[in-house]
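Look for subunit A in each of the two complexes below; its partner is subunit B in the first and subunit C in the second.
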Partner chain A sequence: MKKKQLISNCLVYSFLFIGALYTLFPLFMALMNSLKTNGELLTNVMSLPQQLHAENYTRTFEKMKYFRSLGNTVLLAGVSVTLIILFSALAGWKLCRTKTKLSRFLFGLFVFSMLIPFSSIMIPLYKVTLVLHMKNSLFGLSLVYAGLGVSMAIFLYHGFVKGIPIELEESAGIDGSSSLQTFFYIIMPLLKPITTTICITNVLWVWNDFLLPLIIISNNKKYTLLLSTNTLFGQYSSDWTAILSALILAAIPVIIFYAVFQKQILKGIAEGAVKG
Partner chain B sequence: MKNKKNPNRSLLIFCAPALLVYKIFKLYPAVSGIFYALTDWNGINKTYHFVGFSNFIEICGDSYFWNAMWFTLKYVLAIVVVANVVALLLAVAIESRPKGKGFFRTIFYMPNMISMVIGGYMWMFIFTKVLYYMADNWNMKFLDKSWIGNPKYSFVAIITVAAWGAVGYLMIIYMAALQGVPTELKAAASLDGANAWKIFWNVTFPLIGHAVTICVFWSLNSGFQVFDVIYALTGGGPGRATQSAAINIYEEAFKGNIRYGYATAKSMVLFLIVLLITMIQLRISKGKEEEL
Partner chain C sequence: MKIKKGWYALFTMPLMLIFIIVVVIPFVIGIGYSFVTWDGFAKHQADFVGFSNYTKVFRDERFLRAALRTTIYTLFSVLSVNVLGLIFSLIVTTALKVRNFARTMLFVPYLIGGLILGYIWKSVFSEYFLSIGWGNWLTNATRAMIAMVVVTTWQMAGYVMIVYITGIMAIPDDVLEAAKVDGAGYFQTLFKIKFPLLMPSFTICLFLTLSNCFKVYDVNVALTGTGPNYQSEMFSLNIYNEIFDLSNFGYGQAKAIIFFMIIAVITLIQVSITKKREVAM
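Here is the complex of A and B:
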């Protein structure tokens, strides 16, 4: 019996280790080869770099205008997510606490559109941004993200508020006529757990979204990290050390984010998915 | 106290900002799309004309679009099966052993943090450089394929990368569901002499039905919209052999043709197909969940 247990342990752990190796393989290969010279890379992709060629990084740093692209991405994700949280918390809480025909209708209106795929509204949306002079505007783009993101966030807030006893609000002196001030001082703190979840899922969504910026942003001063990496890939298609160092540079911010907030991220992802 | 008489007024005030952005950037594009699909609007002429259903008639005979649609269907089928099976296997394997839970979970989720454009380019390096090296030097001849250039193999390449990116997310959901299965139930079944395989299928699996529904729904839905992976790996090529529906629509509108009206009509067709299939899926899995 003991032996059987040992064999099954071995099998399970080797399966997991092979999976882990497979998962990390492209990241590791990219990192290792980004530190070689192109000649070294072409002779042997599997060898460790003989010398660390950090100059690949200084080169790409310049080429992809790293800090500008990073700043644009941070700004875009920051503004988008702030708007999504603010707008959805206001709406989601009130929609749940108001029991009228109108509130049911509005909630339905927000929720039904979650089924519409982005590629189906992409072209008319492009037209809207043209008419509103939002092409190449990062702030305009964050408004678009807010418009696309509120449905899901309202749905999550709505569900969360249902679980908060209304007495809590009543005892705090709020009734149906609460003002904005009481909302921020009393309701928002109560919503904190779900706000964290919404914040994390949306930061990741906006940060990693590619198609929308690809359509809206064509001015390279406004490029996000993904857009400048993509352009660099197109320009240096055979210069692998340049490309790989750019890919590592583009991945570093999210890896740091992951390392710091890992617990919240994994918890938030599971919750966001199950409730959605 | 004034608002108390009219709850709808304060409701509208609280909903106003969300409603505004939602209407402008989601609802209006969705509704106006139906109208644009009936016009010959393009990026060149200032004006456009109502052309009735002629866009839709043209779509019926557009073999590039249907090839892309067929490719998308094959992709969705493959990714739903592969990603869910692997994710569930990993989740069960991790949950079945007391050691290393956090470690493996952290690693398997990592690709989900990185955009599929970045991940796709990293894999591009693997497919165009590393695998050839392994084939030549490690005597692994089966790797010596044109992974990006030959559509037969690039389908495998695309699924490999897409699964790499999706498995972690699904695994987290399956793990959360598995943690909700009471251990007493499994212990009881084990006392009754059931083996691990039987316990999984008869005790555990029915209890995580909800997670299966969510995961299949998610992979189905995101599969139909696949863009980033294919864009990074093959760009839809060679020719148009690996174009997904989203790539086909994107190219129709923003590359070369700039036929916005026609591309919008295509996107309506895509929407209807996705809607139909997700409805069927939800109905089937809801029915299954209740049965269990």
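Here is the complex of A and C:
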């Protein structure tokens, strides 16, 4: 029995080791090679750098306009997610509680729109943003994100509200609270878990989305982190040390975000996936 | 009463306005675009051509190849992502000391966006492989495809792992204990008890990966790009190229509508299966 346990433990650990290697190897290699010179990278990919060439980082840091791009991305994600929550919490709750034809139709419309992949509305959306002068505007872009993101958020809120006993609201109503008061003082606090989930999934979505900013933002002052990283690749087509350092710089904020909100993120992602 | 209605309007009007501008109008216009030929310039004329954009799609060899390629890529990716994710989840739900650390670590790739990780892996498959004498994998069609699957697996295995973990945690302890008392071994428990109870998780993960892989764009752009002779071009990238490189707005939009229908069918099948399962349980 003990021997069997030992073998299975060995198996588990060796598999975990392979998994760890698979997961961390490219990241580690990127970090390691970003600190070499190009010549060193070409001749000796696998070795540790002989000297740490941090100037790769200072070079790309400036080229990427790192803080500006980071600020743009933070602003974009922040505004988008706030809009999504603001719009969809009330709508999700109201749509769940009103049982009219209109509310069923609207809910159906939101659910249907979840089927539309972004590529399918990319062009007309691009044209619409041109007409409305939303091109090259970070606020315009966050409105677009809000429009694209509300369906899923409404769907999640709708599902969550179903599980909240309606008696709570009714008794609040009897006590003289208006329905908007009921929403903000009674419902909103109860929605907190699902709000966290929606926040996290949407922050990650906006943060890591590339295609939409690519077509909407062309002014490099408004570039997001991904856009400014992407332009670097055009300029340094085979300068891998520069590219790798840019990649590391671009990945750092998400890693920090994850380090801080690890528990919420893991929980939020799981719930977002299961309920969506 | 009137004041209340006004309050609601304050919140719902902007919502509906944005939703209509960003989703409804583009969707409707998009269907319109798919029936014309147009190069995207406002001053140039758009000619109505009926369904000819749609019939043209089925004779477009570059597109058909991209569609077939995407399907093959999706099948392999879905399989490897789920197998690996499931194994990971089974490992990190055992009584290992390092399980929390392992869980945290295995999820990291999912957080890093497709574009960044695509480029990170590009350095692996082109530069590193070249320098250790394996040649550049991304210039060979088959190897580039393998690279796509490897990177997708890397990105998403941790994600489905999280979903499987939720499923495994939901299995009641007494069921597992009863199996143990009855003398079931590890694999018997796994196949006869855990897997059937994990069915809802399987459905979720399969379709999540299915539709995500089918829509792949970022990783495709970053890792392989279109590739020589369009050898690595996937569905989404093909649509993008048709529109922004070749300026065939109408034709590209017809492809986009077909793309929408495929995704819709996949998703609807998912929903109906999930619903059925819910009733059965």
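Heads up, the rule we're going with is that the second predicted complex is superposed on the first by the 266 of 276 C-alpha atoms of A that agree within 3 Å, B and C clash if a C-alpha of one lies under 4 Å from a C-alpha of the other, contacts with A are read in each partner's own complex, and residues count from 1 in each chain.
Just so it is clear, a residue touches a chain if its C-beta (ideal position, glycine included) is under 8 Å from a C-beta of that chain, and two chains touch if they have at least 3 such contacts.
Because the structure is predicted, anything quoted here is derived from the model rather than measured.
> After the alignment on subunit A, I want to confirm one thing: do subunit B and subunit C clash, or do they fit together?
clash
> With both complexes superposed on chain A, which partner does A:Y223 reach: first (subunit B), second (subunit C), both or neither?
neither
> According to the stated criteria, A:I121 is in contact with first (subunit B), second (subunit C), both, or neither; which is it?
Touch status of A:I121: both partners.
> Which partner chains sit in contact with A:Y258 here, subunit B, subunit C, both or neither? Use first/second/both/neither.
both
> Mind working out whether A:L148 is in touch with subunit B, subunit C, both or neither, as first, second, both or neither?
Touch status of A:L148: both partners.
> Considering only touches as defined above, state whether A:Y66 meets subunit B (first), subunit C (second), both or neither.
Neither: A:Y66 stays clear of subunit B and subunit C.
> Identify the partner contact of A:F160: answer first if only subunit B is touched, second if only subunit C is, both if each is, neither if none is.
After superposition on chain A, A:F160 lies in contact with neither partner.
> For A:Y57, is the partner it touches subunit B (first), subunit C (second), both, or none of the two (neither)?
In the superposition, A:Y57 contacts neither subunit B nor subunit C.
> Counting contacts the way the document defines them, which residues of subunit A are shared by the two interfaces, the one with subunit B and the one with subunit C?
Comparing the two interfaces on subunit A, one with subunit B and one with subunit C, the shared residues are 12, 15-16, 19-20, 22-24, 26-27, 29-30, 33, 41, 44-46, 83, 86-88, 90-91, 94, 109-110, 113, 115-125, 127-128, 132, 143-144, 146-148, 150-151, 178, 204, 207-211, 215, 226, 229-230, 233, 240, 243-244, 247, 250-251, 254-255, 257-258, 262, 265-266, 269-270, 273-274.
> Considering the complex alone, what residue numbers of subunit B touch subunit A?
Going by the criterion above, the answer is residues 1-4, 7-8, 10-12, 14-15, 17-19, 21-30, 32-33, 36, 86, 89-90, 93-94, 96-97, 100, 104-119, 121-123, 125-126, 129-130, 133-134, 137, 164, 168-169, 172-173, 175-176, 210-211, 214, 218, 221, 224-225, 227-228, 231, 245-246, 249-250, 253-254, 260, 263-264, 267-268, 270-271, 274-275, 278.
> Which of the residues in subunit C come into contact with subunit A in the complex?
Where subunit C meets subunit A, its residues are 4, 7-8, 11-12, 14-15, 18-19, 21-27, 29-30, 33, 40, 84, 87-88, 91, 94, 96, 98, 102-117, 119-121, 123-124, 127-128, 131-132, 154, 158-159, 162-163, 165-166, 186, 201, 204, 208, 215, 217-218, 221, 235-236, 239-240, 243-244, 249, 252-253, 256-257, 259-260, 263-264, 267-268.
> So in the complex, the part of subunit A that touches subunit C is made up of which residues?
Checking each residue of subunit A against subunit C gives 8, 12, 15-16, 19-20, 22-24, 26-27, 29-30, 33, 41-46, 83, 86-88, 90-91, 94, 109-110, 113-125, 127-128, 132, 143-144, 146-148, 150-151, 178-180, 204, 207-211, 215, 226, 229-230, 233, 240, 243-244, 247, 250-251, 254-255, 257-258, 262, 265-266, 269-270, 273-274.
> Show which residues of subunit A lie in contact with subunit B when the two form their complex.
9, 12-13, 15-16, 19-20, 22-27, 29-30, 33, 41, 44-46, 83, 86-88, 90-91, 93-95, 98-100, 102-103, 106, 109-110, 113, 115-128, 132, 143-144, 146-148, 150-151, 154, 175-178, 183, 204, 207-211, 215, 226, 229-230, 233, 240, 243-244, 247, 250-251, 254-255, 257-258, 262, 265-266, 269-270, 273-274, 276
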